[in-house]
Structures are given as C-alpha cells and as structure tokens.
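Mind having a look at this structure? Questions to follow.
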Amino acid sequence: MPLLEVRNLTKCFGGLSAITELDLDVFHSEILGVIGPNGAGKTTLFNLISGFYPPTHGRVIFEGKNITGLKAHKIAQLGIGRSFQASTLFLKLTVFENVFIGFHMNYEEAAWKSSLHTRSARREERAIRQKVLEILQFMGLVDLKDQIAHNLPHGHQRILGVCIALATHPKLLLLDEPLTGMHPEETSRMLDLIRKVQGRNITIVLVEHNMDAVMQLCDRIVVLNHGRKIAEGLPKEIRDNQEVIEAYLGTEEED
Amino acid sequence: MTVAVFAQLLVNGLAIGMVYVMVASGLILVLGVVRIFNFAHGEFYMLGAYTTFFMCQVFHLNFFISLAIAISIVALLAVISYTFVFHYIRSDILLCTAASIGLSMMILRGSLLSFGTEERGLPSPFPGGIKLGEVTLPSEKLAVILLCFFVMSGLYVLLMKTKLGKAMRAVRLDTEAASLQGINTNRIYLIAFAVGCALAGLAGGIIAPVYSITSNMGHALLLNCFMALIVGGLESMLGGVLGGFVIGIILSFGAYFLGGFSEIILFGIIGIILVFKPGGLFGEAVGHE
Amino acid sequence: MSNQKRRTKITTALFLLGSILALLPLIIKSPYQIHLLIMTGINVMLAISFSILFSAGLITMGPAGFWAIGAYSSALLVMKAGLSFWLSLPLAGISAGLVALIVGLVIVRNPGVAFIVQTMVINMIIVQILGQLEFLGGWAGILGIPNPNSIGPIRFVSKTSYYYLILFLLLVTTAGIYGAYSSRVGRAWRAIKLTPHLAETLGIDLYRYRLLAFVISSCVAGIAGSFYAHYFRSLEPGMFSVFKSIYVQIYSILGGLNFYLIGPVLGSLIMTFVPEFLRVSKEIEPIMTGGILIALVIFLPGGILSLPERLGFFSRPLLSRSRQTGVPPSEQGDH
C-alpha cells in the first residue's frame, strides 16, 4: 500500500484551477521528485497535502486514512512534516531553540506537568535537549547551535528548516525547493543530507527546479504542468520524455 | 408617532450621522493610509469646536472664516504631531496607540486649562427653522447636514479624482508598490494624517453651534466612532460612511424609543455583525495568518 | 559567568527583592504611598494579563472588560450571595475566564487587526451592559463593597494588609505564569507569535493555544478585578473603559514588550510613580506625563528594559536566553 495516495485532487482559486484531477502515489522510503515549470501547482500540491487549505475536489489518503480537509496541525500530528520555500523559521531564535520547539508533538508528559516543572518534566526536557543536539549533529549544524537563525547564511537556514521538520519525527517529509539559492557546495551537501534522511526510513517528496539534483537524487519523478500531471516515472524516462521537454521549452520561449 | 416627530428624529439622526461620518472618515483615512489607531482623534474634533467658538465669540469673526481658521490650526497641530511623533514609530501599531494616548492626555489637559471646565455654547449662525407643510425643521441641523455633505463630496473628489487622492489610495493598498511607483510615501502619510485630523476638527467646528462644547466631547465621540468604523469595516471609506449613518440614526431613533438601551442595541448589533463579518460590513476578513 | 553562578546570583537577587518588598510597609509610613504601591500591583496584574496574550501573538484592547467582570462578580457574590471574599476571589477569576471562553470561541479565529477591534468592542459592550443594568447599579455603580473577611488575626482595615494580599496574589500569578512561559505551552505561544505557519507544521493547534492564552489572560484580569472591588469598595462602569485597556497596554510597552513578566512590573511602576515624582501641580501633570509617554515611546521603543542593552552595559542580555524564550539552554547545566 502506498504511504500517501492522492486521488482526483482539484483545487480552484476563484475561477482559476491550480490543480486539476491529480492522481499520485508515494511509496514507503522513496524519494519522489515533483517538477514542472513555474505555476504548475507544485506548492499548491504541498499546501493541500499538509492541510493549509482543503481541496475543491478529491482526496488525500495517508497510511490508509482519509486526511482530506484536516487542519494543518492535525496532519502534522499524523506524521507529515514539511519545510518551506522561503526560510520559514523562528528567525529571532537560535538554531537550538528552533529545533527544540520542533519537538512540540513528541512529549510524553502532559503539558500541565511541564508548566509545573515536575521532575519528570525536567527530565524529559533534558532528554529532548539531547535529541536536538543529535539532529543538529546529524545535519551538521551543531557548531552553530547558539546562532540566531536570522544571521545564518541562506544555505544553513534551509538546512535548519529540514532539522525542524525532522524534530517532528515525520513519516513523510515534504521538502519545498530546498536547493533554491544555494551554491554548488551547499547543494551537494544538502543532497547528501537528504539521502541521510531517507536512510532514517523517512519517505521524502521533493519539489525542486534544479534538474541535475532531481535526476541524481530521486527514485521516481512526477511532472506537473498547469496543474495536471503530464508524466511520471524513473528519472531516465522523464529526461527523455517529449511532453516534459516541451513543457519546459514552452515556458522558456515565453520569456 | 406623528410625521412631525418622525421628521425631527430623521433630521436629528442625519445631522448626528453626518458628524459621525466626517469624524469616522478622518479616522479611517488615517487608519487605512498611515495604519495607526489615533486615540487623540477625538481631541482634534474638540479643538475644532473650541477654536471655532473662540473665533466667533471672542474675535467676532464670521462663522465660515472661523471654520477655516479652526481647520488650519487643527491641521497645523496634526502636522506637528506627525512630524515629531508618529513619523518615527509609524510601523509599530502598539507604540502609536500609546503615543496617541499621550498626545490625547496633553491636548485634553491643555484644553481644560485654557478653556476651563464650563460648557460653552455658540449661538447658531442659522437660527430658526424651515417649514415644510406642517413640519418645521431646525435650520441649524439642516445646515450641519448640508455642510457635512459638502465636505464629504469634496473629500470624495479629492480621493477619487485628484493625483493626491490616487496616491493616497495607492499607499493604502500597497505601500511598497506605491513607493516603487515613485510616490513619496512619507509625504503621503503626513498629508493623510493632517487631512484626517482636519476632518475631525472641521466636524467639531460645524457642530459647535448645535451642541454644547466641552473638553470631553472628543472622548465620548471617539468610542462611538470606532463603532462606526467597525460596522462599516476598517478598510472601506464607504463602509465608514454607512457606519456613521447607522450610528446616527440608531442613536437618534433609539434614544426616542428606548432611552439608554439604544446603545446596548447598537453594540449588540455590532457584535453580531462582527461574528459573521469580522472585517465589518465592507471589509474583507482582516487578519489572515 | 557560568550558569551555576548566574543561578545563585539570580536566586540571591530575588530573595533580596522579596525581603525588601515584604518589609516595605514598615519603612514607608505614608498610607498614600502604600496605596500607590497597591495600585501598581493591580496594574501589574492587568499588564501581565495583556502580556500573556501578547506572548501568543495577540494584541487585546479589552483587558479592562474582564477586569470589570471579575470586579463585579466578586462584589455581587459577596454582597448578594453572601459568599466570603476568599471564595469570590477565585470565582471572579473563573467567571472572567468563562466569559472569555465563550467570547474567545468566536473571536480567536481571527487574529490580527480583527481581534484587536473585536476585543475593543467587547470591552465597550461590557461597560455598556454594566451601565445599563439597574440591578448592577447602573452608571452609578456599586457602593459599599465589604472588605475581605479576616483570616485569623489579619484584618483588612489598614492598607498594609491589602498590600500583602496583592503581593501574595502577584507572587502566585507570576510563579504560575512563569511556569507556563518556560514550558511547552509557553514555547507553543512563542512559536505562534513568531511564525504561525511553521508552528502549525509542528502540530501546534493555533486556535486552541490562542484560546488558552485568552482565557488565562482574562482569569488573571478577573482576579485583579476581585481584589480591586474589595479594596476600592466601590465600582462604576466608567472605570473599566477602553481607555483603561489602553493604559494597560502602555504598562507593558513602557516596561518592554519583550519582557513578559518584568516588563509589566516596571511599566506599571513608571506610570504610577512618575506622575507623583513630577514636581508640578496636579493640573499640569497629565501634560507632562503625556509628554514623557510620547518621549519614551519614541526614544525607547523597546521599553525601559531595553536600556541596558542600548547603552551597552552588559555584554550578555538582561535575561538569560532561556528565561526569555522559554527554551532550556543548549549547554549541559542548570537553567
């Protein structure tokens, strides 16, 4: 059974259809790439899956459960994590604090115990502190843990975004253009990190413009254009797919 | 209820309504363009009334000349306030609220000290009434309605037809886009603030001969003005106009039928409106994430 | 300075502060000044009420409304239902919280300017209702509210006993709210304030947490109201207007909006005592206070507590990061 199933998904804003009758499967432990020219509906797809707005038609099914129309925080609680296009972080907080807050869902003790600072609550906080450091270590940011997020270079901010998402212990991780604005070393570092994340048994869906990266990294690729799926398959199939090439060339000519 | 009484209530309601409309429009202008809640707005209204009073009574000037002087003084004070205070803190709504309270404290106390605590009355430049059939409508209230209508039309022309007005509307919609278009946003903020306060001052001057003038008149009016804003929607001028009328009519008719309860009804209606349309009747739901 | 040393310093400072506060009435003989301290205490609670919501990203213009609900509830429970003050105090907080819950269910959906305006309207409605209902005393209000029942030898006749009571209430409130701020709840509020979208993806239910902040904030205001009613012994609706709500905001702003507990304390102290220390006649005083307020807002937008940083006094910020953000420090060691 696929981890995530998208059936007949449609989203209209006003009179415009951002996504039309989209069918999609995401399988366990894969890295699925979603590509397409600008405006193809990729971020809309993410917003629909992660619950920021409900679809106009269609369903989203996660681990066999219908999650269509659930609110964003509920969907996060079910195990879908996400990073954003822009550096959506807690910019005024440090790296450490950012990831710490990410553990919000993963407390055992009740919240009121946390307020009273009972011994078990404090013990748990120490445990979480350890886990935060582990994640930072894993993603290579541990030396920067006390830096204010705002001051980090762009590449590190994107990595931090992924760290925060990891703190939620997701089963499915949606990465929205993680490579945008990165130079080559940052890019290859991010690719390594994404592979490492996959190694932790986390399924990843990736929206990206960087074609090389997508071809290298993804197990399968889905191509969207004008809100519809126009191709799906292995990277080498997509690379040679005529429709895909035209879709991209089409937008190039418009420039 | 006889026709005469109805007509009186209507005229009364319209007159009050027009005053609210003017003051509320000033408030919305400032809120929409400069994006600050000016809690000293009522004080500008009060100053307009007092200045008009003084020009008429003490210097024996013509009513309209007094009005003109009142507007100028109020506008000048607004310009000073903006340049030295709000200009620096414009981006933070809380700081502006606090500063406007400080300003309100200063103006109110200054007024109390200068003008004393007694109520003042200005003899009306439009005495008597106009007969329509069996009904006599008080001229002074008709004058208020007419004058306010005149001013509001002028405001409409300013906002819709002039370059300045278009600039103000552009800034209101999108400050960044406006400055990219070459509009000097700082000057627009200043002008919008001055015009908004001047509207309040003018309203005060127009109403000066009709109701008594006290130092507190601004305060009480202000809260009801926020009501008008809320009914109409914080984003829309038309909304503010409608809001003002609604307030005026409800207060006028309400006072006749229900006495004090008219205000509870008012607030109740507003509460209900807000439940369904948090942005007011004409606003979009403000406050998205 | 290591965390351990810092912790000892802070504990000592708090202990000293506590002792001074406890002994203050013995030093200050003037009942008027004790009265000022008590007023400051009440204002601190109201400012804390504002700050709780602010820490969750909501600006309210209506804390005075819930203050009113607490005050009137307490007065009525004692005068009409014959309850003891010690029962009516918590009940006042609860009733304010209940009203906040009902109202909040609706208005907390719309954060931002809509919320500000709605809280303003609610405040106005509350004042109007209190003024119109005759059995609540109408616009003249309630007079002759009894003082709190004596507990043991402590009789609430002189101001001193009231002083200790408000001090106690403040202590409990501050401890409780501090606990909340440095816990999972406080961290969630901060997350909601900083970047709501991100908070959602972390499983934080924005609506629930905002509602919680609203209810807790109103409870605090309600409790302050109960104390106020039995200290002042008379209430009238005009005391609880929107203008008072804005004054409450000012207490927090002057102290420093980013300091959710100390800020209200300092800000209230400033607004209560500065007019006293201005050696000008009572008549000119509001002009000076207004002027100082404006000056402070322009030159110290971060509040008084931003002053040390501004002047470069400390290389470390005034409060350790963990106290400010509610997140434990990243180093091994104590808070």
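Labels for the chains are A, B and C, by order of writing; each one numbers its residues from 1.
Everything below uses one rule, namely that a residue touches a chain if its C-beta (ideal position, glycine included) is under 8 Å from a C-beta of that chain, and two chains touch if they have at least 3 such contacts.
These figures come from a predicted structure and were not determined experimentally.
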Subunit B and subunit C share contacts with none
Which of the chain pairs holds the record for C-beta pairs in contact?
B-C
Can you work out the whole-Å distance between the CA centroids of subunit B and subunit C?
33
Using mean CA coordinates as chain centres, what's the subunit A-subunit B distance in Å?
50
Take the average of all CA coordinates in subunit A, do the same for subunit C, and state the distance between these two points in whole angstrom.
41
Touching at least 2 other chains, the residues of subunit C are 197
Quick check: what residues of subunit B touch more than one other chain, meaning two or more?
none
Mind pulling up the subunit C residues that touch subunit B in the complex?
59, 106-107, 109-115, 117-118, 120-122, 124-125, 128-129, 131-132, 196-197, 241-243, 246-247, 249-250, 253-254, 257, 283-284, 286-287, 289-294, 297-298, 301
Could you pull out which subunit B residues touch subunit C in their complex?
39, 85, 88-89, 92-95, 97-99, 101-106, 108-110, 113, 219, 223, 226-227, 229-230, 234, 260-261, 263-264, 267-268, 270-271, 274-275, 278-279, 285-289
What residues of subunit C sit close enough to touch subunit A in their complex?
176, 179-180, 182-185, 187-188, 190-191, 194-195, 197-206, 321, 325, 327-328, 330
In the complex, subunit A residues that touch subunit C
50, 52, 71-74, 76-77, 81-82, 84, 88-94, 96-97, 100-102, 104-105, 107, 111, 114-117, 121, 125-126, 129, 132-133, 145-146, 164-165, 167-168
